[in-house]
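Encoded as structure tokens, the structure appears first; notes follow it.
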Amino acid sequence: MSASYAQDKQDLMRRLRRIEGQIRGVQRMIEEDRYCVDILIQLAAVRAAIDKVGLALIEDHTRGCVRDAVINNRGDEAIDELMDVLAQFLK
Amino acid sequence: MSASYAQDKQDLMRRLRRIEGQIRGVQRMIEEDRYCVDILIQLAAVRAAIDKVGLALIEDHTRGCVRDAVINNRGDEAIDELMDVLAQFLK
Amino acid sequence: MSASYAQDKQDLMRRLRRIEGQIRGVQRMIEEDRYCVDILIQLAAVRAAIDKVGLALIEDHTRGCVRDAVINNRGDEAIDELMDVLAQFLK
Amino acid sequence: MSASYAQDKQDLMRRLRRIEGQIRGVQRMIEEDRYCVDILIQLAAVRAAIDKVGLALIEDHTRGCVRDAVINNRGDEAIDELMDVLAQFLK
């Protein structure tokens, strides 16, 4: 069985590699004693990029696993699990 | 002149390297078609770690640059800039 | 047809009346020139309470409308709509 | 001594009364069994409005109390307190 995000795999990987590059960029800025506010602006951008990956995965998961579970009468547990994950992202 | 976060530099670098490792861990999970919810839990942890680095930098910035600016009668601009950055983190 | 949150209606109303009371409490604090930090702590509590009501509604909506839509082959639109709402809460 | 937000008092009160009205609007929507997604959109708007009031208060507090504390050599405690409050808003 393939993951719910199978179709978006390349897109997710591309975004995560970019986020990894941004994190390394932030490290470089700190090593070079760059101005704190410039670093914070970069960090806020990384955070927004992570939220977008999170939303994309939540969407794939809902269209895939949750939908399948509902159709196969296992919707309750799947939705419990989805809510736990949403609560963590909303914290 | 040293950056406001000079004293925390090693700690910040250590945390950012760990975040970089977590991002690579998420990439690996996607390559291995791991379960979406497990990936989302990891992503939420990365997000929380980034917020902590952000807060640490905001604190250093306030104790350093903003305080110096206030003492030297340039507080207004420094606080404007701080508020812009906070607004981005609260989005 | 009843709303997806029909069973939680009393609980949601009770929480929203408490939030309304908290907001009036914040107004009173401002009128009485109370200390900013005490007001901010109250505001952060209101924000957390609103997020909880939001999560409860998202859960009811997913268990109700979204599940029904999936079963009746209208899952795509229902999930599109759910994602739009999540994106607003994650901002 | 007046509060740091003395100058913004009318503006803050006006915004908080509007938020109170929005919360009552959400209660009405629930009583009328309105569609969950429409209620969630309203709730997200309330949350954004509360964040704006929070940012305005944080700004007034920083320009007032924190600045005064820095000038009077009590900056450390004031900044500790500010960071605690920011951490609650970033949660």
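Of note:
Lettered A, B, C and D in written order, each chain numbered from 1.
Heads up, the rule we're going with is that contacts are C-beta pairs under 8 Å (C-beta built on N, C-alpha and C of every residue); 3 or more make two chains touch, one makes a residue touch a chain.
Note that this is a predicted model, so its numbers are computed, not measured.
For subunit A, the chain whose average C-alpha position is most distant is D. Note: centroid distance subunit C to subunit D, computed from Cα atoms, is 17 Å. Centre-to-centre separation of subunit A and subunit D, using mean CA positions: 28 Å. Separation between the centroids of subunit A and subunit C, computed from CA atoms only, is 23 Å. Touching of two or more other chains is recorded for residues 51, 54, 58, 82, 89, 91 of subunit C. If you sketch which chains touch which, the chains form one closed loop in which each chain touches exactly two neighbours. Pairs of chains meeting the touch criterion: A-B, A-C, B-D, C-D. Those residues of subunit A that touch subunit C in the complex are listed here as 51, 54-55, 58-59, 62-63, 66-67, 70-71, 75-76, 79, 82-83, 86-87, 89-90.
Those residues of subunit C that touch subunit D in the shared complex are 2-6, 9, 12-13, 16-17, 19-20, 23-24, 26-27, 30-31, 33-37, 39-41, 43-44, 46-48, 50-51, 53-54, 57-58, 60-61, 64-65, 81-82, 85, 88-89, 91.
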